[in-house]
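Okay, so chain A shows up in both of these, paired with chain B first and chain C after.
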Partner chain A sequence: MTCWNCQSATGAAPFCAACGKLAARPPGATHFDTIGLPRGMDLDVGALERQYRELSLKLHPDRFAHADPRERRLSLEQTTGLNEAYKVLKEPVRRAFYLLKLEGVDLEREDGSSRGSMPLAFLEEVMALRERLEEAREAKDLDAAQAMAGEVLTRQQEALGQAQDALRARLASGGTDADALQRAGLALGRVRYFTRFLEEVAAMEEEALG
Partner chain B sequence: MSKNGFLQIHDPLRPKGHAVGIDLGTTNSLVAAVIQGRPRCVPVDEGEALLLPSVVHYATAGGVVVGARAKGLAASHPTDTIVSVKRFMGRSPEDPETRKLGHYRFASDKGKVVRFEVSGGQPVTPIEVSGEILRALKRRAESHFAGKVEQAVITVPAYFDDAQRQATKDAGRLAGLEVLRLINEPTAAALAYGLDKGSQGTFAVYDLGGGTFDISILQLVEGVFQVKSTGGDSALGGDDFDRAIAERVLQVMGQASPTPSLVAETMAAARKTKELLTHESVVELAVGGHTQSVSRADFELWIRPLVQRTGLVCRRALRDAGVEPGQLDGVILVGGSTRVPAVRAYVAELFGREPLGDIDPDQVVALGAAVQADLLTNADRQDEVLLLDVIPLSLGLETMGGVAEKVIPRNSTIPIAAAQVFTTFQEGQNAMDLHVVQGERELVEDCRSLARFRLSGIPPMPPGMARVEVKFQVDADGILSVTAKEQSTGVSQHITVRPSHGLTDEEIEQMLLDSIEHAEDDIQKRQLREQQVDAERVLVDLRKQLATFPDILDAVERARLDAAVERVTQAANGTDGNAVKEALGVLEQASQPLVERVMNQAIAGALKGHSVEEY
Partner chain C sequence: MAYSEKVVELNERPVNMGTLDKADPNVGTGLVGAPACGDVMRLQLRIGDDGIIQDAKFKTFGCGSAIASSALVTEWVKGMTVDQALAISNRDVARELALPPVKIHCSVLAEDAIKAAIADFKKKREERAGKAAVAQTNP
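This part shows the complex of A and B:
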C-alpha cells in the first residue's frame, strides 16, 4: 500500500513511516498485527493493555477532532479495528476461537460448514443439561441453575485448556499439525456449547435481577 | 474576579472563541469552561446563578423565556411552560413515559415526534425546547466572556439510547453550537475528579439526577479513562421523589383528578419539602390551603422502592465490569438527588464505603465536560488524557419470528463495528427489510426500534443463496450507521440511523433556516416578554404595598403613580419591549416616595419596643 499523503510505501503500522500521517488499515492485518504483539496463544496481558492504551492515545478520533475529513475517517477505522482487536485478544475464549479461525477453521460461521461433527455422546449430554436448565427456569430455581453453571464452568475451562494445548501444538508445528488442528476444533466446539449454556444462566440471573 | 479579567488575553489559537462544556440537565443546566487551566462554571441566570433551570416558557404574544423566570411562570401557565423536557427527548408520542408527566397538550398530528402545543406559535418538539435552553446557555456564556461561544461538549446520561443522543446533538445544532462530542455524564464526572487528583484506579460513578439514573464503572490508568460498564434507568430521578410526595399529598387532600396547575403547585411544594428534609426531620408542607407534616421517615419509606431500583442497576454494572464492590477505589456522587441522606446511606451500604463528594454534585458534570472540551480544542493538552467510552445498550437486528439478534453487545468500547450475514428465505426474493433495534430483551417488541430500511435490487436467486452482510458502525459519539450489502452482486444501501422518533435532516435544516430568519424577531419578542414579566411583578408588588398602606401618598403623588401604572399596563399590552422598559423607568420614579416611606415605617416598626442600647 502507498501512503495517501506522501505516496511512499506503508507497512502494517498505523502511521506512515515517511510523513507521519495516519495510514489506511492494511487489508489482511490480523488482530495481533493491529495491537502490535506476536501471534500466539499465550499473550502477555500487561503488554496487551499497555499497547491498547498507547495506540488508543495516538489513534482515537478525539485526537483528530480538527483534522481533515480523510484523517478523521482513517482515525475512526483504525480505532474501530483496535477496539475489536483488544476485545478479541484480551479474552482467552475469544482469542482461542480467533486463532483457530486464523488457522482456517471458523466455528462462528452461521452456515456451520466448518463446525465439524461433534460426537453424539457429547450432544446427548448437552441436551440433558439443557433440559435440566429448562426445568430450573420453569421452576424459577435460580440456585439450581447457578449450581449447574458452576459445573459447566469447570468443564468449559477444561475444554478451553485442551483447545489451548492443541493450538500451541499447531502453532509450534508452523501450521502443519493437522491432528492438533482437529483436536483444537473439537475442544472449542465443546467450549462453544458450554459458553452458550453459561450465557443462558447469565440471562436468567439478569431477569431475576430485575 | 472581574468579568473582564481575561478578556484582554486574546488567544489566536481559539478562532472559535471559548469551547464550553454543557450539562443539559432534566432540572437544571450548566455551562463551564476551562479558564486559566481550571474548569469553572459560568453564571447563566439571574443573580449570577450557575444553574439555569431547564424550563422554557412560550409566551402568548410569541417569544420565549428560559430559566428562573420561566420556572416562575410554570404554576400559572402549566401548558405553555415546559419543564423536564429531557424526559421527552427522542421519545415517541406513544411512549408510556410521554404521558406520565401528562399536563402538557400534545399536538395530535401524524408525526412520530412528540410535539407540545404551546401559546404563541407552532407546536414545538423536545429538540426545539432543548435548543432554546442551549441557546440561552450559549448567549449567557457569551455575554459573560464578551466573546463567541460556538463549540461545546454536551453531556448525556450514559443510558441514553441512539435516538436520545441524536436528538441532543440536533438540539445543539439548532442552538448554533458545533457539538464537538457528546459524552456520558458519569464519565464527565470522573473526568472532573480524575484530572484534579491525578488518581489511578477503578471508580464507580453513581449519578442520580432530576430525571435519570446512571451508574458507570470506570478505570483510570496512565491517562486513559476506560469505561468498563455502564447501566441506568432513563426514567428514574429526583422528580420521582417529588412525585412520591405529591401523590400522597393529593391523596390526603382527596384530589382524585387535580387540575394541571394544582399538580404543578403540589410538585413544587413537594420538591421544597424534599430539599428541606435533607437537614430537617419534619417539614410542614403547604399547598392550596392544605397543610400536612411530612417526616423524613415518611419520605424515606415512600422513596425506598425507587432507591432500591438503583441498586439492581448497580449490581448489574459491577457484574458487567467484572468488578467486586471491594475492588473499587472510590465512589463518586453526581446529581442533586444524591444530597438526599437516604440515597447517600444506601450508596454507602451498597458499595461498602463512604462515597466521595468534594466536588459539588450539581457542577461536577459540567466541569468534566469543560475539561473534555478543552482537551479536544487545546493542542497543548492532547496527550494528557483520553476517554474510552462504551455503548450503553446492545444494538441488533430483527430476525425471523420477531427475535432481536444482537450485533454489537452493550458495553462495547466505541468506536466499534460488527457485521452479520443474512440470507433470503424465498425463491427469487429481490429485497430484504432490515429493522434495527436497541435493547437487551430477546423480543423485538420489547426493544427500542431505531430504524427500518430496505435493501432492494437483489438479483433472483434460490432461497439461502444470497449473502447480505449488514455492517454496524458506531462512532465515538455513540451514534450508529448501518450498511447492507449483497456480497455476490455488490448491491448496497447505507444509512446513518436517523431514529424513528427523531427529526429528519430536512426538518432540522428548515428549523435552522427559520431560526435564522426569525432571529431578529425572536430577540425582540424575548425582550418584550422579559419586560412584560418584570412589569407584572412590579405591578403586583405595588398593589400589595398600596393595599397595606392606603394613605401613605398624598393626592398629587397618588395621581402621578396611577398615571405611571396606567402607562406600564398599556405598554405591556403592546408589542414594544423598549416602551415597557421606559414606562417601568417612569413608574420607578413615581413610586419613589412610596418606597421610601414604606421602608421608613418598616425600620420604625422594627425599632419599636427595643431600647437603643440593644443595638
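This part shows the complex of A and C:
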C-alpha cells in the first residue's frame, strides 16, 4: 500500500511513517496488526488495554473534525477496525475462535457443513443434555437446570483450555502441526455447544425472574 | 429479523415432532449439529423394506429456522423413496421457508440430517444382511 498523501509505502501501522497522515487500512490486516501486538493465544492484557486506549485517542474522529474528508473517513474506518479488534482479542473465547480462523478453520461460517465436524458420540451427549434441560424447563425446576449448568461450565472451561493448548502448539509449529489444528477445532466446537447450553439456562433464569 | 409466514406456521404447529424407536431395524437416525451456533437436530425415518419412507420425526434444539427446516423435511420425505429424499437440497428448504442468508445453515442442517438418517438406515440393513449371510453359512 502507498500513502494517499505522500506516496511512500505504508505498512500495518495506522499512520504513514513518512508524512504522519492517517493511512488506509491494509487489506488482510489481522486484529493483532490493528492493535499492534504479536499474534498469539497468550496476549499481554495490560498491553492490549494500553494500545487500545492510545490508538483510540490518536484515531478518534473528533481529532479529524477539521481535517480533509479523506482523513475524516479514514479516522472512522480505523476506529471501527480498532474497536472490533479490541472486542475480539480481549475475550479469550473469541480470541481462540479468531486464531483458529486465521489458521484456516472458520467455525462461524454460515454455510459450513455439519457433517463430520463433531464426533457422533459428542452430539449424542449434547442432545441428551438438551433433552434433560427441556424436561427441567417444563417442570420449572430451576435448581436442576442450574446444577446441570455448573457441570457444563466446568466442561466448557476444560474444552477452552484444551483449545488454547492446541492453538499454542499450532502457532509454535509455524502453522504446520495439522493434528494440533484439528484438536483446536474439535475443542472449540465443544466450547460452542456448551456455551449454547449455558445461554439456554440463562434464558430460563430470566424467564423465572420474569 | 422477522420470520417468514411458513417458518412461523411450522413453529406454531410442529407436526412430526417426536421420536421413533432407535432400535427398530427399519428406523434410521440422523444426528447433526451446527458448529456456527451450537444447535443440534435429530431426524428419524422409518423406511419400509420397499425403500419407501413411511414415517419421519424430528427433535431440534435451535432457532425457529432450524425447527422449521426440520419440520418441513419430515413433511416432505413421507412417501418418498430413499433416493428421492437424498435428492432434497438445502436450497429447496431455504427457498420454501424464505430463509435469509444468515439462516442458510439451518437448511444445510436439515439436508445433512436426512443424509445421516439414511446412511444410518443403510448401515443397519447391511449389518442385518451380514448377519443373515453368516447365519446361512453356519446353520
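Quick note on the criterion: the second predicted complex is superposed on the first by the 201 of 210 C-alpha atoms of A that agree within 3 Å, B and C clash if a C-alpha of one lies under 4 Å from a C-alpha of the other, contacts with A are read in each partner's own complex, and residues count from 1 in each chain.
Heads up, the rule we're going with is that a residue touches a chain if its C-beta (ideal position, glycine included) is under 8 Å from a C-beta of that chain, and two chains touch if they have at least 3 such contacts.
Predicted model, so just to flag it, every value in this text is computed and none were measured.
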Taking the superposition as given, does A:Arg53 touch the first partner, chain B, the second, chain C, both, or neither? first
Contacts of A:Met127 with chain B and chain C, given as first, second, both or neither: second
Using the superposition on chain A described above, determine whether A:Leu76 touches chain B (first), chain C (second), both, or neither. first
With the two structures laid over each other on chain A, which partner does A:Met118 touch: chain B (first), chain C (second), both, or neither? second
After superposition on the shared chain, which partner residues are touched by A:Lys87: those of chain B (first), chain C (second), both, or neither? first
By the touch definition at the top of the document, which applies to A:Asp44: first (chain B), second (chain C), both, or neither? neither
Contacts for A:Glu108 in the overlay, against chain B (first) and chain C (second): which applies, first, second, both or neither? second
Partner contacting more residues of chain A (chain B vs chain C): C
Quick check for you: in the superposed arrangement, does A:Gly189 touch first (chain B), second (chain C), both or neither? second
So which bits of chain A does chain B touch that chain C touches too? 110
Flag every residue of chain C that touches chain A in the complex, lowest number first. 31-40, 42, 59, 61, 101-105, 108-109, 112, 115-116
As the complex stands, chain A meets chain C at residues 107-115, 117-118, 120, 123-124, 126-127, 130-131, 134, 189, 192-197, 200
Residues of chain B that touch chain A when the two form their complex: 180-181, 221-224, 309, 312, 315-316, 375-377, 382-383, 386-388, 412-418, 421, 440, 473, 475-476
Chain B contact footprint on chain A (complex, rising order): 49, 53, 56-57, 60-63, 65-66, 76, 79-80, 83-84, 86-87, 110, 206, 209-210
